[in-house]
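In what follows, a structure is listed as structure tokens, so that the remarks can point back to it.
Just so it is clear, A, B, C and D label the chains in written order, and each chain counts residues from 1 on its own.
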């Protein structure tokens, strides 16, 4: 599927990846769910569902709804907890799958503790600190929206692990560049952006919010131009490698993120409608490179033609 | 077209409107452009293209592009200037059309001066201060994104006019509630939100931004759930009446904004694809009220069924 | 039971015809390699035929029960209720519908000789048909089908052709008994039934579960939740368990023993 | 000239057929009340037939020249280039396409007896056809049509049927002269022409304008810009005037005298 002559490998935060296409946290389960569809080693890697110290149940239904070219979710970080992940999920993955573990907590100490426990686990190549979950009242929104809180979080998680540390930023901020600089200053190895955009929808017939929680996160193709803007802004603000996320469903979408400065990309919501989406993005990216005479996909990074800016 | 029994009239910032459906600034020209399609007096009113003290030429092309369920624009506030508006546009509108004049400037003094000149012009029932244009470097983005600057702007424009003063907020902020409170504190009579969301898109074939300006504003159905979230948040933060804007294309969309707390709505991008969109929203709103036994459309305001929140 | 294989095919539409009222039957060519499915399993279908160019609205696939499988042909019975099904209704023969499946865990096999009652309400009728097909060889089957009006009743002829004991109910009495299908269930339970299998709107399933519990009979519910993925990764289809926490309809269900859920908390 | 009336109709597709290669002809029933249009005016068409349920992607209508009007039937010749035209190509007879028009200011009428050259490149051919129809009664018309390959040349038979002086150019020589259509224009200008009317890709129009200017002949360009509204309210279709500032292609054009524009600044 990959033309011989194209070198798809990239480096992200010190990790060598087979190719720049990963699957995004919360859209790829613990990887195992995609085994019926393809060999997970075909991807650059995947980010597992965000883990907390203890298992979490999440919000009552309805948790999802469809909107124009996108969806809303308010899962509220239901997950099996870090111990069950290490014991039951990780060992079942085939060797050679690059797993990025995503970390979440309601207190900074919890984040740090989860980071500690994940460090050294076989197959886990990096950690992604989810500072940006848009629908947990006591959690993500504050961490990722306040530069001081974010700094504390990055410092604590940085100290808790020797693994490469990615920080996943919230899009619900006035200046993503400021948040990017905070992460760089506190020793993060890379950034992932964006998480879902805070949103709301209502059923005019029942007059109720479509989600039990009211607020939810908007994801899917609708947010791509917002995500691309933020990656472009972050890439100009910091030197850190960036994993671009938001609405990616085709190889052309992925190319856009690389051109504005991302080193790799994550496919999210598209996995739901097409379980082969990430694989198809990988194949299409290789075809794009072959068609455009790009020998190394890494050369696309920041290769936007936008003189003077 | 309007069932007899439904009272569609609403009050917005002290202005009595025939119905709560307006057309948004920059999507309805100076009104005259829609005369081939319907009688402008059928709407609650319209917001004219933002006016500056002097005429402005705007950005070079390309200025627009299509994205998933939306569009990007970087018009950069091309307009005829306040004097030409008063001399050439306003007098040609039929009597009885409620015109909201939108005001913009690169300095606060310019805003204030434009407000002064518009005050007293026949047909102009209110002013809308565009504090939120997402693509003018020296202008909108700073006014609407910094609470202190926004406060100064509202104070100055408030002092410059006796007309009802609406402030149009930027969506590109961490807390729209904070900005809403600033406007309330400085004596605004109402809020309009949201303006277009800052965004970026790239053509992977040419590797160039799709817009000459790179950055542009995302509008259309894609942003509706973001707009609805912000109106909901603003309505809970302040007592000011709110004009809801963002992705409205059908009566059901308009109902959603009223339910989360808007007093009126503006139809924007939908006018492009359907020059009768605003009229159809008005008709559909009347039909919705008739079907649901709502005697006065004003009763829908804030009638969300979301106990405990 | 080891999970059967799951595949994605862009299946050609073979037929797409009205079944009366708002209901239609879609026949897809899923290919000979399509895995066998158990009664109660489902597929995720793209909301309408795949367009001539990408269009992202509506975005999410729609869950539909496997109504019948004949070689490479897979039938789905669906009701046009909203955007996705309206667009599916416009799919022309030769166009393709993205199909992922079979998904979920179906109905448990009835014990040999057990007298079972199947309760189908509205679109839920499609979910219990394959169970009727397979169960009637094992023991007596009573099928209770309900809908608002006669024309909304799905698959009546197909059930009739099976030769099972068939009873109908409609809200307006235009077919069978006037009233709710659960009133039929109450009757049938009093006549003697060993297990209940139900699919339909939430209030119907809550009532069916209550009736079965009162009669001390096991009750299996097939839930019709909103879904984004259908295979356990979005966590969007959660329903409350009777134990703390949530089950996923697409992965742990769609069929659940009623007692394992907090049925009053179903969406 | 007082602006002609503009209307919005959801026009039924009467025919939608291949014209060879990537080109198709769409015949719409716009109704008898559809206003007359001048050569060079255009319509905005929804990107594909109106769907069975609202779908917002793609969102914006596409500008297309009025190729021909016959009673209630309006013909558009289009090339399948991207999402919108691919979806239009799938529109079936009986489906409806939202149509707003006629829009813009068309070509000025040639002076009686004037020898005019029409230059059409690619999809621009469709924009100059109606001018050929009307102008040939007033004076000698030379039509120069160009495209990449023979099969991409639009409307050759229709031009031939008009009996105008017709010359073709293709990049690969598969029809007419090998090379650019503007090379034909250089020839024809040297043979003697009073005015040039051109529509096509930007480089073609820039070259046509330069050639006409060198020959001191007036040159009218019909521009094919991206548009959102088509009637002057989005300000998205701006092109630089030779005087400071911008003109709107949809309102001030699509036809402009070349000298009034900064043609090197066209997008």
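Rule of thumb we're sticking to: a contact is a pair of C-beta atoms (placed from the backbone, for glycine too) under 8 Å apart; a residue touches a chain by one contact, two chains touch by 3 or more.
Computed from a predicted structure; not experimentally measured.
Chains making contact with chain A as well as with chain D: B, C. Between B-D and B-C, more C-beta contact pairs are found at B-D. Of all the chains, the one whose CA centre sits at the greatest distance from that of chain C is D.
Centroid to centroid, with C-alpha atoms defining each point, chain A and chain C lie 35 Å apart.
As a whole-number value, the distance joining the C-alpha centres of chain B and chain C reads 46 Å. Rounded to whole angstrom units, the spacing between the C-alpha centres of chain C and chain D is 53. Residue positions 68-70, 220-222 of chain A are each in touch with at least two other chains. Across the assembly, chain D contributes residues 54, 56-58 that each touch 2 or more other chains.
In terms of which chains touch, the assembly is arranged so that all chains touch all other chains. In the complex of the two chains, the chain D residues touching chain A come out as 56-57. Listed in rising order, the residues of chain A touching chain B in the complex are 67-70, 72, 145, 172-174, 197-202, 204, 206-209, 214-216, 218, 220-226, 228-229, 232, 247, 252, 255-256, 259-260, 288, 303-306, 309. If you check the complex, the residues on chain D that touch chain C are 48, 51-58, 82-84, 86-87, 89-90, 92.
By the touch rule above, chain C contacts chain A in their complex via residues 3, 5-8, 46, 54, 56-61, 98, 100, 225-240, 244-246, 265-267.
Across the interface of their complex, chain D is touched by residues 26-29, 33-34, 36-37, 49, 57-66, 68-71, 73, 75, 78, 212, 220-222, 249-250, 269, 271-276 of chain B.
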